[in-house]
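Lettered A, B and C in written order, each chain numbered from 1.
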Amino acid sequence: MAKFFAVTIIVIAIASAIPILRHSWPAPQDISVHGHLIDEQMSETMAEAGISFLAAQFILAIFIWKFSNRPKDSKIGTFPGGAKGLVIAAFLLVGTEVLALGVFGTKAWASVYFTPPSADSLPIQVQAGQFAYYFRYAGPDGKFGPLHPSMINEANENFFGLDQTNDQDSKDDVVTAQMAIPVNREIHLLMHAKDVGHSFYVPELRVQQDFVPGLDLSIHFTATKVGKYEIVCTQLCGLGHYNMKAYLYVYSQADFDDWMKKQAALQ
Amino acid sequence: MATTVHEPPKIEERRPGVSGNGGWRNLVPADGDPRVVQDYSPPPASTGIWVVVYAVSMTFAALTSALIVRKGSSLDWQSFTLPSILYLDTALLLGSSVTLEIARRRVARFMGGVTIPGESPARWLYITLGLGLLFVTGQYVAWSQLRGQGLYLATNPSSSFFYVLTVAHVLHVLGGLAGLAYVIVRLSKSELRRSTLDAASRYWHFVDILWVYLLVLLWMKL
Amino acid sequence: MHDVSAHAAQHHAPPQGFIRKHVFSLDHKVIGKQYYALALVAVFVGMVLSWIMRLHLGWTNLAIPGLHLLSKTGAPGDLMTPEYYLQLMTMHGTIMVFFVLTTAPFAAFGNFFLPIQVGAEDMPFPHFNMMSFWVTFVAFVVLISSFFVGDGPTLGGWTQYAPLNAVGAVGGPGQGMGVVLWAASIAIFCVGQLLGSLNFITTTLDLRVKGMSLMRLPLTAWAWFITSCMGLTAFAVLMPACILVILDHVAGTSFFVPSGLVINDQLQPHSGGSTLLWQHLFWFFGHPEVYIAIVPGMGIVSHVLITNMRRPLLSHRVMIGCMAAIAILSYMVYGHHMFVSGMNPFSSLAFSFPTLVITIPATIIVLMWIGSLYGSRLRINTASLFALGFISMFVSGGVSGFFLAQPSIDIMLHATYFVVGHFHMVMAVAAIFGIFAGTYFWFPKMTGRMMNETLGKIHFWLSFVGTYCIFMPFHYLGIAANTRRYQAFVDDYLQPLIPVHKFITVAAIVTGVAQFIFLYNLIHSRFWGKPAPDNPWEATSLEWSTATPPPFDNFGGKYPVVYHDPYQYGVQSSTGDYVMQTSPEQVVTEQDEK
């Protein structure tokens, strides 16, 4: 049985590795400017984790195979180097490996969080609420009007609680249910939570950020490829969480301008 | 006094451990005390009380950090003056620690065979218990005073934390009073262990120090 | 110096009567068995919940026969509503983490064996110990009762994030009474565990018999001791957090709910609360909690494996040091659950480094196990199979931690099935394997009978292969960005992944059915198993030196004296290749105890 167990461990280890090596279910394509840093980090980690995983399972299996069913009088042996050697090996191999991952990974993290948005980024506000996203564009005046939560009225489609009668800046704000952005232009996404916790996740953009009720925060990103993508909610927000999504359209600048005009006309 | 103690409990000296028996022979000496064969370990009550003190401290540490975060997270914090009876309550509690120390020494001497004529060994324990109960009453008065000013649990985050912290503390005071009552009962049956007395005292002093900490925290933050 | 009274705290007379013997028992062994029974009920409830969840995920529009009996509103016509999926999911997680993974390896086995392993008659505070079980039991009843009140249990996940956990019934079904019951149950649970930790710590430090120095304690005793220290800090923090949630519900406070929230067009009557405060308090508990779930299993695996390898680990002290290091580091890493939560991004980096560093003691522990296999005389039986399976599973689940420890990668993998695969493998399955290893190993001592080895091995094979089939694919789903906590997969990009979910569901049902083999084995062997000798595994620690099952005062009035380190295997003695801790025989060791 011991040998069968050893073989099973090896088969499982190899079977587990195969879908990774064959990219059977790969990450969605990267359409962002900073995403390659994350993807590189992911590949390095996969290589190190993969090697550790396979090595550990193989050695476990080999030792089970070799050291079971030994005769009763066989001598007990010590692994070369003993405990001390293994502790040193752990510190050196694993320690340097994880610290390297950590240190090099700061670059990818910094590119997302420690660089401020550029001056000519396009600001878009997104509001997450049970169970839909709504987006607001500042309009020709480039300014967002203030939000009045008490004025929110879903039936009248006043999703953000704008007072377009009295607030000058709100008059030209454009509110949409889908998000469109021009390609190769940095977007400054202003995130506002209407009710409970939500999250903004676009796998292709390599962006995921929770909304925090009571705290308006922002992220920025640039899309490099035209297309239609999905924004999904990843922070459990209630019964409609699974269904909470919006489409993200990445357009050429010309198509985006068209879209803006159409949306402005619908307000 | 309500309790009459007939004789002090006996203190037995530690006997040297029996060694060299080996194996499975019965190691319990003829007079039935199994613990003489152990190497010395602290009595469980004294380790145990530190465990309790630590856990309770962590609970109040969590509440402290909740207070600090909550105060800093928004602009709706409204400070108010602490009811002045709290300072009297503090004096009562500090006093009760003093009386508890007196009690502890008297009971320890009693257990060693020294009695004070005309005084029950539990007298100062009762005084401590009484001061503790006065403290609890005083806290209740403080809460009534706040309610009189219109400050309830949900009125403002500052009042929320006031009630949460003081109620949590009073609950632990009640636990301490239960411990002291237990000591009195055991003493009256001549079954009190020194470690129990010390543990209950330590807990009571902790509850006292905790109160001083909370008072300073509330005074600074509220 | 300590004084002695007529009755030492733990020196109580044999219990009389059914209630005293089996219900409100002061005997740590009975309390341990009661915890085990509670965990057994809980794990089957949790498992059935997972079946229902998985059936729905694989075949979303399937009517599950009988589901309407569980909840008329949750599953009208046996068709699951979206909220009911989340409610079942929340209960699955809560029951499994609290009432199985914290209860069985720690409270059940620890209560039964820790006093015996240190040589004591019982724990020093048996009344508190009895209370700890019944308090835990009440917590379980309170939790389960949420199935039957109003609109059912809370749907916010076992993590119960704010403000969804505090806005009340407007947040969704189960968010009123369901949350209050959840929070009350968990607060009560915390009290029970604190009472238990009190006993474990004082037993380990104060009740060791003559000759039992700290270094001579078996690794299980160390694991339970370290776990109870972790629990002391973690549970003492979660309890007030739960109370604050209850106050937000019933008393109108706003600890966790900020102002300006609008639900159903209504401005919510809260202001100023901090949603991130809940996450900090919860995860300060939550991360140590996962180590509370796994460290006892590490102790059990070490204990079982050493006996079956016929040699001690390469270093006893290193194992202890690593378990302690994990416990200490566990408080510094909790922010890795909050990398994209909106917390300061510098904090995210700060938390990621200790998270990566905690890999080191975990790796050393795995290397100690694997390295000790080298040159051993490994015996294969069900207990050792599960112990070895633990190592395999812990490695698999552990390496996925490399990814999640890095904030940049977490941007992609947070809240996906990758996380779900990670924690199920490294914590849930590994800890369950540890529980199984402990069960097959200690069942003879606890009941006086042997479990059936054939059934045990069948149980092992189906569980080992089955759990890999269930949880390894979760990682692939996660890399493909499959979000978790979805009751159905409606997004375009998720459609190609649904066949994987179907495969997982089939694997889950098969593996689950295999657990009934274990249940049958457990119950059948309890009454009709082969009678067990006192020391069937030729093991060395104190529990094997006493009768099977142990008498009410553990050692029958005799007090052991300890002469040896806990794992003197691979020696030449009059008993064979081992010498028991209580044997005064001097032996020549092949391996020096380091």
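One rule holds in what follows: a contact is a pair of C-beta atoms (placed from the backbone, for glycine too) under 8 Å apart; a residue touches a chain by one contact, two chains touch by 3 or more.
Remember, it's a predicted structure, so these values are computed and weren't measured experimentally.
Q: With centres defined by CA atoms only, which chain is the most remote from chain B?
A: So the farthest one, by centre of C-alpha atoms, is A.
Q: Taking each chain's centre as the average of its Cα atoms, which chain lies closest to the overall Cα centroid?
A: Checking distances from each chain centre to the full centroid gives C.
Q: Report the inter-chain centroid distance for chain B and chain C in whole angstrom, where each centroid is the mean of the CA atoms.
A: 33
Q: Taking the mean of the C-alpha atoms as each chain's centre, how many Å separate chain A from chain C?
A: Their C-alpha centroids are separated by 30 Å.
Q: Could you put a whole-Å number on the gap between the CA centroids of chain A and chain B?
A: 51
Q: Which residues does chain C have that touch at least 2 chains other than itself?
A: Answer for chain C, listing residues that touch two or more other chains: 258-259, 273-274, 276.
Q: Can you list the residues of chain A that touch 2 or more other chains?
A: 214 - these are the residues of chain A that touch more than one other chain.
Q: Give the residues of chain B touching no fewer than two other chains, as numbers and ranges.
A: Residues 73-74 of chain B touch two or more partner chains.
Q: Can you list the residues on chain B that touch chain C in the complex?
A: So the residues of chain B in touch with chain C come to 9-12, 14, 17, 19, 21-28, 33-35, 37-39, 41-45, 47-48, 51-52, 54-56, 58-59, 61-63, 65-66, 69-70, 73-77, 111, 153-154, 157, 160, 164, 168, 191-195.
Q: Under the definition above, what is the set of chain C residues touching chain B in their complex?
A: Per the touch definition, chain C meets chain B at residues 1-9, 11, 121, 124-125, 194, 197-198, 201-203, 205-211, 232-233, 235-237, 239-241, 243-244, 247, 251-255, 258-259, 271-274, 276-277, 280-281, 284, 557-559, 561, 563, 582-584.
Q: Residue numbers of chain C touching chain A in their complex, please.
A: The touching residues are 81-83, 86, 155-157, 161-164, 167, 171-173, 175, 257-263, 265, 267-268, 273-276, 309-311, 313-315, 318, 340-342, 345, 348-349, 352-353, 356-357, 359-360, 363-364, 366-368, 370-380, 385, 388, 391-392, 395-396, 399-400, 402-403, 405-409, 411-412, 414-416, 457, 464-465, 468, 472-473, 476-477, 479-481, 483-493, 496-497, 500, 569-570, 577, 590-591, 594.
Q: Can you list the chain A residues touching chain C in their complex?
A: Where chain A meets chain C, its residues are 1-2, 5, 8-9, 12, 16, 19-20, 24-28, 37-38, 41-42, 45-46, 48-50, 52-53, 56-57, 59-60, 63-64, 67-70, 72, 74-79, 82-84, 86-87, 89-91, 94-95, 98-99, 101-102, 105-106, 108-109, 112-114, 129-130, 149-150, 152-155, 161, 193-197, 199, 201, 203, 206-215, 217, 230, 232-243, 245.
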